[in-house]
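Quick notes on the structure that follows.
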Amino acid sequence: MAQRTHRIVIGVMGPASCDPGTAAAARAIGRGIAERGAVLLTGGRSGVMEAATQGAREGGGLTVGVLPGASPTETPPNPFVDVALFTGLGEARNWVNVCASDAVIAVGGGFGTLSEIALALKARKPVVLLGSWRLEIEGTVPNLPRAETPEEAVATAFALIAPSL
Amino acid sequence: MAQRTHRIVIGVMGPASCDPGTAAAARAIGRGIAERGAVLLTGGRSGVMEAATQGAREGGGLTVGVLPGASPTETPPNPFVDVALFTGLGEARNWVNVCASDAVIAVGGGFGTLSEIALALKARKPVVLLGSWRLEIEGTVPNLPRAETPEEAVATAFALIAPSL
Amino acid sequence: MAQRTHRIVIGVMGPASCDPGTAAAARAIGRGIAERGAVLLTGGRSGVMEAATQGAREGGGLTVGVLPGASPTETPPNPFVDVALFTGLGEARNWVNVCASDAVIAVGGGFGTLSEIALALKARKPVVLLGSWRLEIEGTVPNLPRAETPEEAVATAFALIAPSL
Amino acid sequence: MAQRTHRIVIGVMGPASCDPGTAAAARAIGRGIAERGAVLLTGGRSGVMEAATQGAREGGGLTVGVLPGASPTETPPNPFVDVALFTGLGEARNWVNVCASDAVIAVGGGFGTLSEIALALKARKPVVLLGSWRLEIEGTVPNLPRAETPEEAVATAFALIAPSL
């Protein structure tokens, strides 16, 4: 592959509704991503997605929302999204979220978020979890990076993609 | 909605490689689905998908494989698939697997399977687990039906869709 | 590629509403596909799709409908569809229609049909046109097989896929 | 719908290889889109896509490339793409291109471009053609806006979306 010329994109995945503590964490993560110069990608909706997008805006960054609907009437983006990518794909857009991100940070729960964690692992993309799902299969727990703070989540995500850039 | 005229479809999701015990369970599940007159849908590949498809064939049923690649050259279907639906969607086809199934039975692990469990829950589709993922978030475990035997998995899947037919 | 074991699938693409003559042609095409032992794939809805599906049923064949919606509530299949594959992908399911078909027969007009002709050509799939779009670019007309009758459309489609089987 | 807060996105669709005259037109269109303050969206690859993206960069605009592959290894973006959205959807990403654009300008030929014209018409999105496909069905020619110059193409696209903003 030739030298990379496109910008780093970090995806923040999380549910469309969340408690204030989770929203504050998502906002700090969005801000941190922007301050490090990367583009923030989310699902473009409310809750964790909106909080992260608001934070990235506050950090001076560019925000992309990848929406499930085919138009703003079907799925309106939150007011902090700069570029709203309506996909018309429903939840298949979760696969786009993962492919389009250099690393994924999952904040909080929700089944959509769980699908994005799983798809990211399937695509061998770096995933960092903050207060999100714990997984176990037949006594085995996948060794996923878990962060305790927003700062740690952002630092870990960038550290995990660094070698491939 | 008018009276239903299309056939019942049960999706069996599982990894492309598995141990003999898991394969035997998947095969029994495929056979049970066929014997109850439903169409079996899988991802069309090897491992759990192939074993379930083989079982459904043995049970005299119709087998559909929903493949990630755009052609048999990219992703060859297993030899028991009757109708191979090449999607050219990569792992976004997991969303199709879920939408196209009246109920989903997840057998064994794998991250693709985990994404299908999550997408099914997101779509409010019945999901039955056999030897598959255990999930937990902040001390809460989603109350998902777990089967101990292939027979129980099949019976539970049909019981869960029955009310909506 | 190993010897092919899955069934031949012929896609019939056309608009969701059409005049009686076009419907009769689509029905004859569906019947012809079934009588030659192939699976009929359509978009699963009304108009040309329904007529072709009805014909294939009358010919004793298996009918697959690939629907844009995520559920029968969103996009109900026509009553002749055996296997309804809800995709939840909107019009992106047109790409699935093309990838899943060994050859495509386009009957009549409509912009969705035009997209399927274009996607089939992009995927280098055989396409046969019956009373469908004429295309021209800068004085050049792509050399696409056009049929005058349903029988010719079916015969041409099978002839074009034969070499690759 | 609440007041729009996300940026205007204009999609420029065209083939991955083209003659110098077509490239010059695409470049002027990209520049014009950027100078009017909108985001340029393309398929992210070479030919018309690259020329339009280069023009938008020169005009000081933001450029988004929606790629068919799941990674830069599969489908490298051209060097003028700021935000590369790898979709892993193959040509199903053409549906995303259309949904994500407020208006589409088609430059030159190619079957992928034709599919995007068709999908845009299906989605009732404004489409402007410059040196692109001519369509006809049973003696009827869809009344699509055709531009003679890059400036006219850009002006027409903005005029067509203006009422909906």
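By written order: A, B, C and D. Residues from 1 in each chain.
Note that in this section contacts are C-beta pairs under 8 Å (C-beta built on N, C-alpha and C of every residue); 3 or more make two chains touch, one makes a residue touch a chain.
The model shown is predicted, which means the values in this text are computed figures rather than measured ones.
Engineer: If we define chain centres by averaging CA atoms, which chain lands farthest from chain D? Would you check?
Structural biologist: It is B whose centre lies farthest from that of chain D.
Engineer: Superposing the C-alpha atoms of chain A on chain D takes a rotation of how many degrees, nearest 5?
Structural biologist: 180
Engineer: Any chance you could check whether C-D or B-D wins on number of contacting C-beta pairs?
Structural biologist: C-D
Engineer: Quick check: how many Å separate the C-alpha centres of chain C and chain D?
Structural biologist: 28
Engineer: Quick one: chain B and chain D, Cα centre-to-centre, how many Å?
Structural biologist: 39
Engineer: Provide the list of chain D residues touching at least two other chains, using ranges where the numbers run on.
Structural biologist: Answer for chain D, listing residues that touch two or more other chains: 70, 88-92, 95-96, 99, 123.
Engineer: Using the touch definition up top, name the residues of chain D that touch chain A in the complex.
Structural biologist: Checking each residue of chain D against chain A gives 1-2, 4-7, 9, 39, 62, 64-66, 70-73, 76-77, 79-89, 92, 95-96, 98-100, 123.
Engineer: Give every residue of chain C touching chain D within the complex, in rising order.
Structural biologist: Residues in contact with chain D: 89-92, 94-96, 99, 109, 111-112, 114-115, 117-119, 121-123, 131-138.
Engineer: Name, in rising order, each residue of chain A that touches chain C in their complex.
Structural biologist: 70, 88-92
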